[in-house]
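Consider the two complexes below, in which chain A is the common component and chain B and chain C are the respective partners.
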Partner chain A sequence: MQRGNIFDYKNYLYFKLAVILILLGFAAYLMFEPAVGYYGGSWLGYGLGTLSAIMVFWMAWYGIRKRRYRGSGATQGWLSAHIYLGTALTVLVTLHSGFHFGFNIHTLAYGMLLIVVISGFFGNYTYMIYPRLMTENMGEDNLDGLLLRIAEADKLARQIALLMPDDINNTVARACRETSIGIGLLEQLRGFQSDCPSAMAVEQLALMGHDLAVEHRKLYRDLYSIMVRRETLVRRARQDLMYRARLGFWLYFHVPFSIALLVAMVAHVVAVFFYW
Partner chain B sequence: MIQCLLIKVSYNARGLPVRSYRTMTAEEMTIGRGAECTIHLPDPRIAMHHAVIKRLDDGQPYLVSVNGELNIDGSIRQAIPLTHGTQVMIGPYQLKVEPAPPDVNLAVSLVLANRLPDDFQDLKSRTHEPLQGAFVFKRRLSIWMAAFIMLFFLVLPIAQSLIPQLHSAMTQLPFGFDRVWSPGHVSNAHLHFSAQCSNCHQTLTRKVADQACISCHRDTTPHIVDKALQQRVFKTTRLTLGGVRCAECHREHKAPHPLARQDDGMCVKCHGKIKAIDANTKLPDIHDFDRDHPGFKLSFSTGDAAKTVERIPQTDTARLVEKTGLKFPHSQHFGKVQGPNGIWDVRELSCTNCHRQEGKEMRFKAVSFQRDCQSCHASKLEVGHAANPLRLPHGAEQNVMNALKVNAPKQLAHYSEILKTDGCAYCHEIEGTKKGDSLPWRVVPLNINQDWFSKAHFNHASHRTQKCQSCHNVEQSETSADVAMPDRKSCLRCHSGNSPKAKRIASGCMSCHSFHSHPVQSERLAESLK
Partner chain C sequence: MTITTKAAAAEITPKHFNVIIIGAGPSGLSAATHAADLGVSYLLLEAATAPASTIRNYQRGKLVMSEPRSLPIRSSLPFTASLRETVLETWEKTIADYHLNVRYEAKVVDLHRTETCLEITLTDGEKLTADHVVLAIGVQGNLRKLEIPGGDLPQVQYQLDDAQAYVDETIVVIGGGDSGVENALALTGRNQVMILNRAEDFSNCKESNLSQLTEARKGGALDWLLETNPQAIELNSKGEFPITVFANTPNGVERIPCHRVIARLGALSSRPLLESFGVGFPTADLAALPLLSTHYESNVPGLYIVGALAGYPLIKQGINQGYEVIEYILGNPVEPADAALLREKFASFCNDRGVDDVLEKIRNRVPLLAMLNSLQLRELVLESNILLPAAGEIIFKRNDYSTTFFSIVEGELDVLIDEDNVPDAVLKAGEFFGEMALVSGRRRAGTVRARTPCVLIETPRRAMQKLISSVQSMRRVLNEVAIKSVVHICIGLSLSEEDLNDLANNATLKSYAAGEELFHEGDEADGLYLIQRGSVTVSHMIGGREVVLLYVAAGHYVGEMSLISGEPRYATVRAAVATEAVLIDAGRMRDIIARNPEIRGELDARYLQHLQEQENRQQQEASLESNGALGQQSTPSNLISFLIQQGVGEATDVLLIDESICVRCNHCEQACADTHGGATRLDRDTGPIFANIRVPTSCRHCEHPHCMKDCPPDAIHRAPHGEVYIDDSCIGCGNCQQNCPYDVIQMAVVQDQPEPSLWQMLLGIQPKALPNIGGTKVAVKCDMCKDIADGPVCVRACPVGAALRVNPEELLGYAGGGTSTEANLHGLTSH
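Now for the complex of A and B:
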């Protein structure tokens, strides 16, 4: 059996810690209601806020810690704590807010935190789902292997098509010439290209096969099966690129917004104690 | 017929051109991918029957397009005359008309100018890395967002506070930069000047000082009437007491939550251990109305001066004697009573027959003879024969005496005696006069207490669903000396302390008491702060 992943690290140590934190937070929240209603400036609010701020800095430190190959504890453990305590942090910060929101720096900082956490959840999800799907998709291959096989199919298809009528030859040549994989961000995330020349070539070839001269028919069958195989390969390559793009895309939000969160949090604390 | 020398140029492994020569003789020479073509060019970019070399009507050899494109100097042509030096692109091949040797009419060279690229490298160049430029994008987004937040939520608000010129310029605008720091809605009362934070937050990093409040609230009175004690108690900013500033109880940025705190926390902070605040105080420690609030004290105005007020505990029943100057048994004015017109005249009296309510808080109008007494007791101001009585006015003794002097001068002394013993004296206390007074006797001036609970406020209106007798026990009262004010126990029947109890309403300090002292008794808070 695989020895522990980030979720059940040390027998769910950080999960338990997060649950305890959340329960303590809720208990304190329910027991000490300030006379003027829940808000961040009560003693409970300051307590929750300080704890949350420390945790945010600690979460951010993970970004530095994971790039170091020395240091305290396993990176796996750090990530496990990062995930579970980050979830608990969201609850504590919500209690800290006392459910008061408005158009101000305080709610901005909260919103940034939510974006960071939600993108983190998505990242979590991708790491749970996509590695397995990637293996299913690629099997023993890697992307370069796929490309090599596509290139071989190209060469073969073109050789056969040289002997075929112009329209078939052009279609095949165009498919070989113009097929590209993962042009833009959107194609990479969607995992397919709506006007893919390879797929279009297969469609067109299917129509062109009807009125062929007798001597071309066998060649046509070979060509068609090559092109279909080729299109499957192209699709798998795109799929692989899609998984890799999705595995990294959440960081587009997670990282910049956590930087923004740090700045917003500092501004939030400064604002509170400047106009104390 | 065309006799053509075809020179095919290819490149060997060392990159040097290799020319192979072939002479052909034909009417037409077809060029194409097809195996049957005279000039066979096996390349997918060439059409099956791409072009043909033939003589046209003018007898000159032309290159004529069939199914493919012919490209000369970037333009696509249908027919190109093959004169010396002509260079034509047939797909990827370059055809050039060379100087013809004497035995042929035409010499052309063909060279594959654009080779097919290597399939794998080509495909690889068209395969993009996932999330290209992610690092740059993330770094750029981080910097922009951080800079935006820092500028608008940190630098500009601070700059506005620190740079006086910017600060004064921003006060002209509806909002300051520091508006984004506001943690919540400002109460309606402060809304019109709340756009400028500095109106209240006068010193950076300092809590809002009382001076900021006092600049508008000049009439606010302090908590303690004694000025020295007020200063001593409230200037102490001990951490345990939270430093009693206005803002400790009046919490702003909490709308729609009320501006003033309604709980007892701040009251109990001092009154729970009152000796720690003022060792000489006679006040007891109080935490909760239900638990340890002492019995009520009633304010009696005693002595001659109307302002002399004595506070007598309700337990001290011996001293709870009201000297109003009236003789009034409540017990005879309640329920079914005998009217003045014979035994069949029975009237039903209730409290409100005489105690008429007044105002929103249901205070009561003073009882008036004309309105409340006369309908039954008119005969007490009638003297003389019953069939034709002399009706005297209710009012100052002098007016009554004057009426007697005018209407019955002969019986003045007789009637005066009747009034002294029965008429006026039926309701009023009568006192003799000193020598030299113009009147033989006078009615004792009335001294009716208006405010029994001078340290608390009570709203009759909010208790109007209750019967008067449930608090004021007057049915058995035989004399007007009785005091019928409810005690703490009767409040506790419906009210509890800080927390609600079964069928009892939670009632904090603020339910009955005000923090700021009565304005008449006290100086302004502004003066005590100086």
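Now for the complex of A and C:
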């Protein structure tokens, strides 16, 4: 089952459009050298600037468009256009600047744009990589189901451990008590807990089995397999949370900086027309 | 003491009445209230201690239905669909308000005609006389009892009033019919329940009961023994259990100690009793109804029979008959209750004649409808629409999803099966059409257009199916015609009328359960199979493994390859879901082919195309196999097999999610909730996955929707484009939720949600959900956004294009990596 994705939408329609836009931008830049030199204040600069400003607003509108469920049309084409035209925007804006940079509101707006686009690139990367990995990790399970099974394993393991010697009971109790699954963004992004008590418990249990009384052996084997299963479940749950966090993390940059970009851009335009 | 009281009572109460009504059920109560209204001298006799025992024997809290909905009630006995308790309360109040002259515990043992009147004898020997007797005792009065030792113990009961009254008991339920199963299910949870069923399965049960039963047993809530008959019930002198049931099982006699036995064995036939009264029957069949005049009078003058005993099992019918019978007795001609409604139906057609005349005309014009008795015909017309299309008007279009059935009273219509706009057949007055969609549940196979101004009766599928299941001859005729149509549609466009008839008459209709083989690879060719209903997969052994090559849906045929080549079957064909196929014998088919070059050409073309497809698919499979891709199980044929296993074979439209590109943003669910009153109808992250394709928990819009089977208000419908939806008349009973094998129906409060502001949308902030203002829970499911202009929002809201809707015919295209246009080119949807 191979299907189109956001990149090859309508046979790369928006990719082609973006390339044409860039080529036109360059052609105009090379062919018409303004008398005043390359900068935003020339008519070429105004032209590129106006186009870019419209495009920025249109890009931002995507955020609204994709949540306007009561509207018409499909969102898929919008995302494809958002990606390719957003990329082309960096080139247009650079040409618009005429390569004049400095410590001012204009370059600040430019910088914001770059952050937004680059975070978007990262987003694309995650969109390409993680969906497949998530399915591989979870199969038909979902996170709620995994957590439920971990809780069940916890309960069972604790019950069995109560019948076992103290060292084993302590190890199991500690694993159940201190294992954390995706607490805090940082741990979610990392996808593991350093010195994970669950993994350690499995390791330690393996060593504790040697000098057990006969009546404990059977229970020990049961306990061990429960703890191994539990550790796998914990690892998968963390992995899933990690993928989710990474799939969404770039948006923490993309969205706030988009807002900042809008503000900076408005400031830049106002500054140009009123205080020049 | 007793004797003197009785003697005194006998002196006071008169012994002769104008009318004696036997049985205080709906019909009897209705007759008594009407007699009281008219001041007729009457007496109402009831064998039990309270009125309406059949309804009293319903389980507590059961909804009493008022079917047929279109029929008005004319009696002064009030009745609307409501809970059993409400119905009984209302009637008891009516009895009190009217001071009805009713005598309880008065069981009639004999009734005979004397020279002047009818004489009734009660159990205590008392004799009463009347000019007229109305017998309204129903069919449930005589419950069948266990005729084994111990069948009369106090721990053995023949009905279950309140299941809540029993806690922590071990209860044996005897009887595998619906009432037994419903009782058993109601007792689970708080009690140990064991069902004894003398049959080898529960096939007599309603499907919903059956599925709940299986579920309950899986959950350990109850158990059953099949092919088991109770032999004796004995009292235990000590121990926890008061009684022990000895049951004869296939593995010998089993002892079952228990607290209680509930035996639901159905009712005894009332025929012997009626015959002892002198009532005549038309046939020897025990189920036959007594011979009655149009005024409900039997062959015993003055003895009238109404209600279920007369063959009218519905409460409303009985109530109306109770009213009518009193009028008839008084010699007043009354119109049946539905006459006014029928007149309204006929307002645009033959309005100059009486209702009976028009019905007679319909009966004379349409032979199919002449098979119905007058009550059935009236009900059919009541539930139907009378259409008066002008010449050129289109009744339905090819590929429409409507499922109504049409009878032609007047006029002629053209049928257009292919695209060329040239009529392929003509339908004349007296014929009917639309039976294909009725049977297959699929899209209309052709367009029907009025040639002249017509008069049509359009009957809903549900009404039609009810009739088909009760009228044998109608089912036979419809089957014959359906076979003819499927032959016509599948192969016979250029066939002569005689050939067509010949084929249809000699074709056999075969049914297959899901997974059953129509034929096996290597078999001798026995003929051509036209799929009338359901769908099949075509598979072939490659490298010791069965590989699914094709999926063929209703309206197409399989088996032409060996028929043409004369070689053994090249592939195995298996029913994907419950399937019906019309088999045309090989010899006859070869004969037809030899005489019809056009058909030969068509079949040859199909054959070559099939060959090519199969060859391609095999190459693909083989190359994938040699690349080791089998380890990942992701070959197209495996994907088809997986989807068929998920019930996609009976679906008409399935939501799939390509997990390899889904970014888990949940916009699909949010969009669904936002546009459907706050409750999402799909669950993105549950459902089976195969090769990165997930079948999420979401409605597949089955060909024969399971949810529609048992909907009391008939709130589930199929829209012309195939969407199965629930309308506003849902009462929240939850039957559909239980009947859906795919768990896609949920009960939720539907309430329009505020649209988020632009700012909230930009930042992705969810607006606060409105508090629930007393809305009740109703059944909600996917309606494929039939009321939203641009189609399903789940698909439109997906930013990456991971959500897609497919119909099974397109499956192959998707599974094979092609586009849907390619799938169409594969020829699965054309013939």
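Quick note on the criterion: the second predicted complex is superposed on the first by the 262 of 276 C-alpha atoms of A that agree within 3 Å, B and C clash if a C-alpha of one lies under 4 Å from a C-alpha of the other, contacts with A are read in each partner's own complex, and residues count from 1 in each chain.
The definition used in the following text is that a residue touches a chain if its C-beta (ideal position, glycine included) is under 8 Å from a C-beta of that chain, and two chains touch if they have at least 3 such contacts.
Since the model is a prediction, treat every value here as computed from it, not as a measurement.
Participant: Please determine, from the superposition on chain A, whether chain B and chain C clash or fit.
Facilitator: On the superposed model, which is not a single observed complex, chain B and chain C fit side by side.
Participant: Would you sort A:111 into first (chain B), second (chain C), both or neither based on which partner it touches?
Facilitator: neither
Participant: Of the two partner chains, chain B (first) and chain C (second), which one does A:9 touch, if any: first, second, both, or neither?
Facilitator: second
Participant: May I ask you to decide whether A:244 touches chain B, chain C, both, or neither, giving the answer as first, second, both or neither?
Facilitator: In the superposition, A:244 contacts both chain B and chain C.
Participant: If we overlay the two complexes on their shared chain A, which of chain B and chain C does A:188 touch? Say first, second, both or neither.
Facilitator: In the superposition, A:188 contacts chain B only.
Participant: What is the contact status of A:132 with respect to chain B (first) and chain C (second): first, second, both, or neither?
Facilitator: Once the two structures are laid over each other on A, A:132 reaches chain C alone.
Participant: On the A-aligned overlay, A:140 touches which partner chain: chain B = first, chain C = second, or both, or neither?
Facilitator: second
Participant: After superposition on the shared chain, which partner residues are touched by A:255: those of chain B (first), chain C (second), both, or neither?
Facilitator: Both partners.
Participant: When the two structures are overlaid on chain A, which partner does A:60 contact: first (chain B), second (chain C), both, or neither?
Facilitator: The answer is second: A:60 touches chain C but not chain B.
Participant: I want to verify the contact counts: of chain B and chain C, which reaches more residues of chain A?
Facilitator: B
Participant: Quick check for you: in the superposed arrangement, does A:78 touch first (chain B), second (chain C), both or neither?
Facilitator: second
Participant: In the superposed model, how near does chain B get to chain C, counting Cα atoms only, in Å?
Facilitator: 6
Participant: Common interface residues of chain A with chain B and chain C?
Facilitator: Chain A residues touching both partners: 143, 244, 255.
Participant: For chain A, which residues are in contact with chain B within the complex?
Facilitator: Against chain B, the touching part of chain A is residues 35-37, 39-41, 100, 102-106, 108, 143-144, 147-148, 150-152, 154-155, 158, 161-163, 165-166, 169, 172-173, 176, 179-183, 185, 188, 237, 241, 244-245, 248-249, 251-252, 255-257, 259-260, 262-264, 266-267, 270-276.
Participant: For chain B, which residues count as touching chain A in their complex?
Facilitator: 33, 35, 42-45, 47-48, 67, 116, 118-120, 122-124, 126-131, 134, 137-138, 141-142, 145-146, 149-150, 153-154, 157-158, 161, 178, 180-185, 197, 201, 204-207, 251, 254, 257, 261-263, 265
Participant: Can you list the residues on chain C that touch chain A in the complex?
Facilitator: Touch list, chain C to chain A: 636, 639, 658-664, 667, 670-671, 674-675, 685-689, 691-693, 755-756, 758, 761-764, 789-790, 793, 795-802, 804, 814-815, 817.
Participant: Would you mind writing out the residues of chain A in touch with chain C in their complex?
Facilitator: Residue positions touching the partner: 1-6, 9, 60, 63-64, 66-70, 72-76, 78-79, 127, 130-132, 134-135, 139-140, 142-143, 244, 247, 255.
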